[in-house]
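Input: structures, listed below.
First chain A sits with chain B, and in the next complex the same chain sits with chain C.
After this line comes the complex of A and B, so read on.
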């Protein structure tokens, strides 16, 4: 049977082949045209509810040049090249005031994924715990 | 019909309250000079009067029967501020290209209605009046709900933006599928479909409307197996996943019991059917807000009264009531799928669910300017006979804030359910990517899909299977709009 080979598919383009830098810049240009602020974030913990990735920089509310944002991505990759890095576009207009785009632009070389453990409760219920293998190790030793 | 009321002018004082039967017009229900207040509820009806009944009288009769009137004069009206409580028909327009039909605008004082109660609002607006003999047929086309009245309603328990933040999914439509076959699977087999579809790449799977607690699968068993599937898929993909657990039941107590169990198991979403009734919907909506639960509504039953043009009610009114009653998702048409839906009418439904305010747009079937008073946005769901070969059309017609549900289009994939889900996700992401890159994706849709299929075999096989499937039937619910000036005020 066919099995989906990917194990971390957050973000809006994770099912496509990794975006090239030129493709990333086209997405950034789209966001800038909509008036959205781009930002770069990174993490070593891909848990689905790990909401707050580390901020590489503040959202670039005034940057109108995709190349300038791409420079931030490149700089972030130099330091955290073995972590997940995503680009977010923030729309601060009324009735949204939230993230409008989010896509991954860098992945660790090896992605160990997540574990599921079960604690059995009464009446056949199960309490599930999803956790990243990466977080089993101390912070400094993950994705080495 | 009554014949009293010579001169057709509104009667006042002793003449108005003499025992007997009067035309509705002269009783005060026809007020062509009335200017609706900002706080009035306004309803627009399509009226087909009985032969011999003029349009103004039919409109007045509808106003009367949906507010204070009974068939004969009653003196006890005089114990009240009767003029306030009378609904007022104030405008009648002929329907373009339908010589026996009229659009009647009727204004209701807000104090006729209990706050925060769709049941009370609808008991007047679609109550006795729909069986009234003076009209041959009657259809409620649209309503303007005043801001002050809207503020008494909770609205969607979650709303589109908060839902996206909770799911951590931005910048693309969400993907779902209804488990098939809809009836007969055991809990264990049912959960298998859920697991495969979610692991393959869908965000949501769904119980069908008629899956409750039948002999082949009782509800607790379904909930337990589905949550095993959801959690397995979530761990496999690092994404938040959900299965709409249908909590529809015979009584509200049972419905709440099922919802509590879904919560206990950690589900992010539950679902209900429209056939629950308005009070039950408001009950579960408030429960959902208290319990951080997304609430999906399946519009089971709506076509019994929304599909025919001359009688019943337009689905846009259901959209308004459900945004007020408070649901987070509602099935609202696909344009290209197997179920009824003219593109402009569907856009009218989507705007009604998603926009903070909607202007008058007769081409979309929106007759009134509507301010939504900060009520949350309700996510439209497109479900029924759609497939990945239509992805460019779906994105074009339905936009980004929508859930695209490919039931057969996932489970019926030749390489299995995971392949079906993956093919849908790849098709969607490649289309969004192309749109953002500025490609004319509507024209080049098939090329974009063909290119994406080169690195995704499931997509290629899906395209091979479904590329020629279309549902081209004429819609029955279409706009009545020709640019013109027609008022009989």
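After this line comes the complex of A and C, so read on.
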């Protein structure tokens, strides 16, 4: 059976080895070609249900070239280099109006992973709880 | 874009590369659509040749260094700077020196903010939009206000200088404006001068050239001048050149716009408006030009 990596898996490509910057730019170029708006977000809370990460900059609706988005990723890495950073591509066309691509472009050096705990409830039902070790520490002190 | 191939070759098909790049088509278009500007066209040809030879050298593993492509376009208003910048973006794209080939045209107000902390994000936004293409900064000298040492323009200048140096693969910057003011600007901002490789000077047009330009504009908009209107236009031009706020080719465009307005007004004022012909709709008469304040 396949064993989940300890590295957080979210969005596209997260079972692959980390993308190189050139590979990241190719993905961005694809999104730009589709007319999607790219944005850069970061977080230090890797829980799978943590949907809304912090925005690094305004979404980029009228950039024509991946170098522009890569500049923001580079700037974001300088400040939050030991956090999770992802790139989203938003498709604003009518009826879709949602995120079309999302992939991680930066990870903390060490990822302690997630704990799974079980609680027995009435009638012997089991409730599962997913908990990231990192969030035991307050914001800003995780992933030091 | 500027990588050295692993197996340097020892022959390069300059002719084939030139043909593939489609640069000749852009140069031809430039020749066809823009009257005069001989020295500018010559410089553009030289730059294209230099870039092509650079490419050839690189394919043979010879030292070239990333070429600096930032430029300054100096000349009076309406001499074709913006128009040529658009073509330049196309040429650089065809030669593979910019990836997208679009032009983002800005002035001080697009780059400089109103309060502390406003300028850097504004400048960066503009730079991001221009990446992969050409950033055209019109009247660039307004960025620098020596009389105010805390002017926010300085912040924009510093960011621009950094990008012009470190992201030469991502963006070409063209600074434009009056020649004399640009010269003063470069003297007080040597950082810009040293990062700019090509200075192109746009001369004023002669009356004959302005006439040709006006003819091209009339033609492109599907109008025809009557022989009398041609005569009036030939008188109009030298008079207009001596008046204040003369702006070369732009003054021609404005003159034609106003003639179109008067023509429409004339047609509208006609008694029989039920049977306008194609000829009526396309003809500009002498009176449409004679009503100009230039003849008052």
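One rule holds in what follows: the second predicted complex is superposed on the first by the 137 of 144 C-alpha atoms of A that agree within 3 Å, B and C clash if a C-alpha of one lies under 4 Å from a C-alpha of the other, contacts with A are read in each partner's own complex, and residues count from 1 in each chain.
We take it that a residue touches a chain if its C-beta (ideal position, glycine included) is under 8 Å from a C-beta of that chain, and two chains touch if they have at least 3 such contacts.
If you're wondering where the values come from, they're calculated on a predicted model, not measured in any experiment.
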In the superposition, chain B vs chain C on chain A residues touched: B
First, second, both or neither for A:68, with chain B first and chain C second: second
Touching partner for A:82 - first (chain B), second (chain C), both, neither: neither
Touching partner for A:43 - first (chain B), second (chain C), both, neither: neither
First (chain B), second (chain C), both or neither touched by A:125: first
Chain B versus chain C as contact partner of A:60, first or second or both or neither: second
Chain C to chain A touching residues, read off their complex: 99-100, 102, 124-125, 127-129, 131-133, 167, 169-171
Touching residues on chain B, where the partner in the complex is chain A: 161, 164-165, 168-172, 199-201, 220, 224, 227-228, 231-232, 234-240, 264-266, 356, 377, 415-416, 418-419, 421-422, 425-426, 429-430, 432-433, 436-438, 452, 455-458
Chain A to chain C touching residues, read off their complex: 58, 60, 62-69, 71-72
Chain B partner contacts - residues on chain A that touch it in the complex: 1-4, 6-10, 12-17, 23, 26-27, 30, 46-49, 51, 88-89, 94-103, 113-116, 123-128, 130, 132
